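Two complexes, one shared chain (chain A), two partners (chain B, chain C).
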Partner chain A sequence: MDIFGSFALILALITAGYAFIAGIVGIKTRNPLAIKSARRASLVMLPLLTLTAGCLIYGFFTNNFSMAYVAEHSSVHLPLLYKFAALWSGQEGSLLFWSWLLSMWTFAVLFTNRRKHPELMPYVGVVMAGVEFFFLLLNNFAANPFSILGVTSATGAVTIVSQSNGHGLNPLLQYPEMVIHPPMLYLGYTGMTVPFAFAMGALLAHYPGEKWIHLTRRWMMAAWLFLTCGILLGMHWAYAVLGWGGYWAWDPVENASLMPWLTGTAFLHSVMMQEKRGMMRVWNIWLVFAGFLLSILGTFLTRSGVVSSVHAFAQSSIGGWFLGFLAILITFCIWAYWQNRDYLKSDNQLDSVVSRESSFLFNNLVLLAAAFAVLWGTLFPVLSEAVQGSKISVGPPFFNRVNVPIALFLLFLTGVGPLLAWRKTSMESLRRNFAWPMMGGLVAGGVAFAYGFREFYALVCLILAVFVALTVGSEFFRGARVIQTHSGLNFFQSVGRLTMRNTRRYGGYIVHLGIVLIFVGIAGQAFNVKRRVDLAPGSQMTIGPYTLYCQNFDQQNGPNYTAEEATLEVFQNGRPTMMLFPERRYFPASGVIETMVSIHSSLARDLYVVYSGPDPQNNKPVIHAYLNPLVKWIWLGGIVVLLGTLLALLPSSSGPSPGKPQPAGAGSAAEAVPDEDILERTR
Partner chain B sequence: MKWRAASVVLLMLAAGLWLAAQTQAQNSAPAGNMSSIPDSGPGAEGAAAQSAVPESNPRVQRISHQLLCMCGCDQILPECTHQGSDRCLTHDKMMAEVEHRLASGESDNLILQSFVQEYGPQVLVVPPARGFNLTAWLMPIFVSLAGLTLAIVVVQRWRARGLKPATASAAGDPEKVSPELLKRAREETRDEDYS
Partner chain C sequence: MKAQAKFYIGAAIILVTLGWLGWVGATESKAYYHTVSELSSLKGSALHQRMRVSGFVEKGSIHQLDGDVSFTIQENGKTLPVSYVGTDPLPDTFKGGAQAMVQGRLMPDGHFVAQQVQAKCASKYAASTTPLKQTGSMSFPQAPVAETAH
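Showing the complex of A and B:
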């Protein structure tokens, strides 16, 4: 199967190259046959790469340890689920996975648009084939997953050898979320290629109107959804596996996923400016370019090891390839923009500074400032080494100090945006809409202060979170009340109808609510408590309202590991509450020891317990216990964000007319309600 | 409307109180109420690991939070991602050194400098704000301010255009659009959902 896989991989490369060149020839010569042929070649890449990936997966399932990649990342005793996940556990496999996912996106885009947009789609196909070609080049010449283990004899003859058991999968990756997290993240990264292809295609084809931006938005939202899901799963994995009590370490690879997420978020807001007002065309094109370039940069950071990272399990020396590809892409983007800049001219007009247009502009500015701060902090060690000759560190405090104020301002704008109308908002309307939410936020802050909250940022975050939640709630409330009055439905039915009438708007609001929950969860970090205690059987420790009583330590045998498990009985305010079983696992195949954290999670706080083995000085078992307030809000917020995004992707049951100019003063809740008198009532 | 607004504020107030109470309870709970611990005997309180100093001494906290663990995890010393799994010996050694130097009466700055001499400047968790490293701190502020200035200028320009009398604009004058282009635009936009 390894030879079969190798041939399929070479064939995929040739097909991608053909699709790229035939597409360019077809566009240049306006030859419909060449264009059709290129499109079909692009479609064929999916079955070819599915076959390629299937061969590698087959190698894992059949323990084919003559294949270097399989021997390095699997073992006889590795559970089946992780044998599948081993596909993306190393350099070669994850690049193949990239190519495979990109071929899925390519297929989806070209197939769903096969009878649409005949002037745009050839360009889209060429761009996607070009990106695919680069990754297949890497797969074939720099990181081939089908390399065979061999020994060269004195006569020059090569003998294929096979390892008996395999090195095994990195224990850090042997966790259920690791089966989902990388595919989600990679779907997000690869998905960024689709908006890039549409934007580049529209630019090169001088595609008329705002049609391309409508097409792009949904694909961007899908990619953003996967990226969000991947980031959240990664956070949860870091929290549940790494055993240091946190979920975000500003690791370069985490940062790499955050940057395209930030630019993608900016685009999903500014796209409305172009759709509704024909504004910010240049800005939107560059946001799409930036999102794609940052996703390639993210892959480069993950793969090259140019900056050190906890994700170092996937490093190698293919940085040069990525750097070259990035240079080509940046040059091409600048060239394409400069050559076609006249096409992007728009008649930007602003009727009032106090308008939704302004809020989107500042929202974009803040998101881009955050993306730059993350990029700068991530790359500064490399820059410093180049300039000063010595490497310095840019750790979490830097990112927190720089990004926390930016994030809080962004949270504020999240609340302000929905209160502002397109074109112009009257001061009276502003006062009316702001008063209660702001008062609510201040009251919540006052209560928290009275109860002894003194952490400045946490306090500001709480005030803003309540403010945003109330503004979003009031949008639903006002709109539903109007529908209730006119239709006779009950309030909850009215909320449902309101939401389904404009899924994009109300899905967006639900996303904002999810973001609020995540912010509240992150603010809880200011009140974390940690203890580290030598806890022999029969002894106890206290942390906050909890007492942990150590019953004993047991040995357990897993499928491919042996574990030492602590049995801890937990008492809350003196009452027995639960049992916790933190583990420490030893994986003989790789000789690595890892922890399995035990967490008791509630809305108020997490009790997070790590057993980190015997203290070398006194041989007593060491327990790390953490009290992490409000962490569950982050995961709940993440679910709300994902549900809101899914809702926004659904078509509305009815909605405003396409491209219809927005009347001055038309506000958000009003847009979902057709009657003019209802507009008056809700504003 | 007033009663509704009042009920919203009350709800929010209740949520705020609950949140405050929960977190406050966590922070102020007594250090141990053993009344219901099994009869098999309230176990003795486990010893704080390594010594009495590390996790309670605010100076240890302050200094160790300015250092990175040099085991390769690139995390703040007390938050080394390896200490939970494989007993990070580097973490233990560095923490012990902080304690030792504190016990011998060295100042915070001197302790940090000694770590820089031993491990190089990358042991510091953030770049010191001097020389070239100052740009690490200034650049995000500079770029944000530049972006803000640009946004203000852009808003002013757009506003100036918006104040002009409504003349025929590219998007607003249908007479300037050829019938062919109009037909094509309709065809292109026919199947799309714009909600």
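Showing the complex of A and C:
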């Protein structure tokens, strides 16, 4: 099966190359047969790569340890789910996984648009085939997952070495979230190729701005959704598995996922400027380019070892391939832009600083500033070595000092933006709509201050969070009221109809609410508490309102590990609340130790307990206990963001507009941005 | 004033503020990276910088005393005694033979006080260092010449 797989891999490479070349030929000669052939070649990538990945997965399932990759990442007793997930736990497999996912996007894009946008799609196909070709080059020549362990004798005859067992999967990865986090993240990264292909294609084809931006927005939103899920799952995994009590360390690999997310968020907002007012055409093209380039840069940073990270990547030659690819891509982007820049002139200019355009401009400015700061901080060791000769790294204080104010400013814009009208807002309307939500925020801040919470940034976050929640709430409320008045439905039905009539706007508001929850959750960090105690059976410790009493401390055995476990009884304000069982596991196959964190999570705070081994002096179990306020809000906020984005991706239903004659052709306008804003007249 | 000019002024103020904040943050957290063998060649102010030093943890050198952990890291034959004074638990990957990175300061007596210890997460994106492939490995897409077990 491995031979079958490696053949399929070569075939995929040839097919991608063919799709690329035939596509270019078809475009140049305007030959519809060449174009069709190229499209079909791209479509066939999916079954080919599914087969390839299937062969590798089959190798895992059948314990084929003569395959080097299987031997390295699996073992006989590894649970089946993790044998599947082992596909992406190493360099070769994860690169194959990337190619496979990219072929899924390519298929989805080309298939759903097979009868639409005939002037644009050939270009899109060529770009996607080109990127696929690069990754297949890597898969075939730089990091082949189908390597066999073998011996060559003097005569050149090769004998395959077959082992009885493999190295096993790193236990840190044997966690259910491990099965979801990388696929989500990779779907996000590979998904960034789609808007890139559309933007590049539209630029080269001089495709009208209104059409491509609209198409691209949806695909960018889908990629962004996966990236968001991937990042949040990664944060949750780091928090619940790695045992250091936190969820974000500004590690280069984390930053690599954040940067395309920031540019993607910027694009999802600035796209509205182009749709409504024909502005920011150049900016949007470059934002989309940047998102894709950053995702390639991200994978380069992760795999090349050029910046040191807890995610262990030794110096590997694969970095050279990525650098070369990046150089080609950047050159191509600059060339394509330069050749076609005249087609990107803006229709309009900024009329007033107190306008929705302005809020989007500031939104983009600070999001890009954040992306730049993160990039700068991540690459600092490389840059400082080039300039000064010594590798200097900057830590969380750098990232936090820059990004916390940016995040708070963004939070402010999130509340103010919807209150501003396009072009220019009258100051009295602004004052009218802005004053009371802001008062609400200040009141909340005042109450918190009175209760003794004095951390500056946390207070500002609370004030703005309440402000935004009230603004969003009022948008839903006022819009629903207008519908209710005109249609006679009850309030909840009106909210439903309001939302479905403009899923993009109201889905977006829900996403904003989710972000508010996440920010509040993160602000809880300002009040973290931690304690370290030797806790023998029979003794107890207190942290915050909790008392932890150690009942017992014994051994357990799992399918592929042995464990030491502490049994703790938790009392809250004197009343017994729950039991916690922090563990420390040892995996014989790989010799690795893993701490299993025990968490009692409530809306107010997480009680987070780690057993970090016996104290060698007195053999008592060492317990690290943490109180992490509001962490649950982050995960809840994440779910709200997910739901809001799914809603925004749904097509809007077009119904009778209250008090306005039905415009002709409204049925086909379901996908376009509804021009009329129900509350426009009330601003 | 034209709206665009107002925007640019606002943007400039924001960017300058962020730049200043970044500079403060960088100064208060920057750490110079050195290998263990480089340490002996450092002079003057370089000895007092916040540093990150990487090396391999010597097997059997990990000792715990009163909540502080001491160990030795070595690289290219040179060794460095380290005491970890941070409050967080040491990472699971930290054990004898692991590749570790310590961040902190070098004391005048030559031992290193570490605020942070990172040990390599073995998510095997790198080539394995343990001799799994004792007899070498080859990748060949074509069928092999001789095949024993499969």
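One rule holds in what follows: the second predicted complex is superposed on the first by the 643 of 683 C-alpha atoms of A that agree within 3 Å, B and C clash if a C-alpha of one lies under 4 Å from a C-alpha of the other, contacts with A are read in each partner's own complex, and residues count from 1 in each chain.
Just so we're on the same page, a residue touches a chain if its C-beta (ideal position, glycine included) is under 8 Å from a C-beta of that chain, and two chains touch if they have at least 3 such contacts.
In this text, all values refer to a predicted model and were calculated from it rather than measured experimentally.
Given the alignment on chain A, is it a clash or a fit between chain B and chain C?
With chain A as the common anchor, chain B and chain C collide in the superposed model.
Quick check on the superposed pair: does A:Q91 touch chain B, chain C, both, or neither? Answer first, second, both or neither.
Second partner only, chain C.
Looking at the overlay, what does A:E72 touch: chain B (first), chain C (second), both, or neither?
So A:E72 only meets chain C here.
Touch test for A:Q617: chain B only (first), chain C only (second), both, or neither?
Touch partners of A:Q617: chain B and chain C.
Could you tell me if A:M579 is touching chain B, chain C, both of them or neither one (first, second, both, neither)?
Neither partner.
Applying the document's definition of touch, where does A:A604 land relative to chain B and chain C: first, second, both, or neither?
first
Mind working out whether A:I334 is in touch with chain B, chain C, both or neither, as first, second, both or neither?
A:I334: touches no partner chain.
For A:S6, select first, second, both or neither according to whether it touches chain B, chain C, the two together, or no partner.
second
Once the shared chain is lined up, is A:T302 touching chain B (first), chain C (second), both, or neither of them?
In the superposition, A:T302 contacts chain C only.
Which chain makes contact with more of the residues of chain A, chain B or else chain C?
Of the two chains, more chain A residues are contacted by B.
State whether A:F527 touches chain B only (first), chain C only (second), both chains, or neither.
Only chain B; A:F527 stays clear of chain C.
With the two complexes overlaid, spot the stretch of chain B among 9-17, 81-89 or 171-179 whose C-alpha atoms clash with chain C.
Of the candidate stretches of chain B, chain C runs into 81-89.
Based on the A-chain superposition described above, do chain B and chain C contact any of the same residues on chain A, and if so which?
Looking at chain A, the two contact sets intersect at 242-245, 308, 310, 312, 349-353, 358, 361-362, 365, 369, 373, 376-377, 380-381, 390-398, 402, 406, 530, 532, 592-595, 610, 612, 615-617, 622, 624.
In their shared complex, at which residues does chain C touch chain A?
3-4, 6-7, 10-11, 14-15, 17-18, 21-22, 24-26, 28-34, 52, 54, 63-67, 87-93, 95, 99, 101, 103, 118-128, 130, 132-133, 135-141, 143-150
Hey, which residues of chain A end up touching chain C in the complex?
3, 6-7, 9-10, 66, 68, 71-73, 89-91, 94, 144, 146-152, 156-162, 167, 170, 172-173, 242-245, 302-303, 305, 308, 310-314, 316, 349-353, 355, 358, 361-362, 365-366, 369, 373, 376-377, 380-381, 390-402, 405-406, 409, 530, 532, 590, 592-595, 610, 612, 615-617, 622, 624
Flag every residue of chain B that touches chain A in the complex, lowest number first.
4-5, 8-9, 12-13, 15-17, 19-27, 29, 31-38, 40-50, 54-55, 65, 68, 72-76, 78-81, 83-87, 89, 92, 120-127, 131-133, 136-137, 139-140, 143-144, 147-148, 151, 154-155, 157-159, 161-162, 169-171, 181, 184-185, 188-189, 191-195
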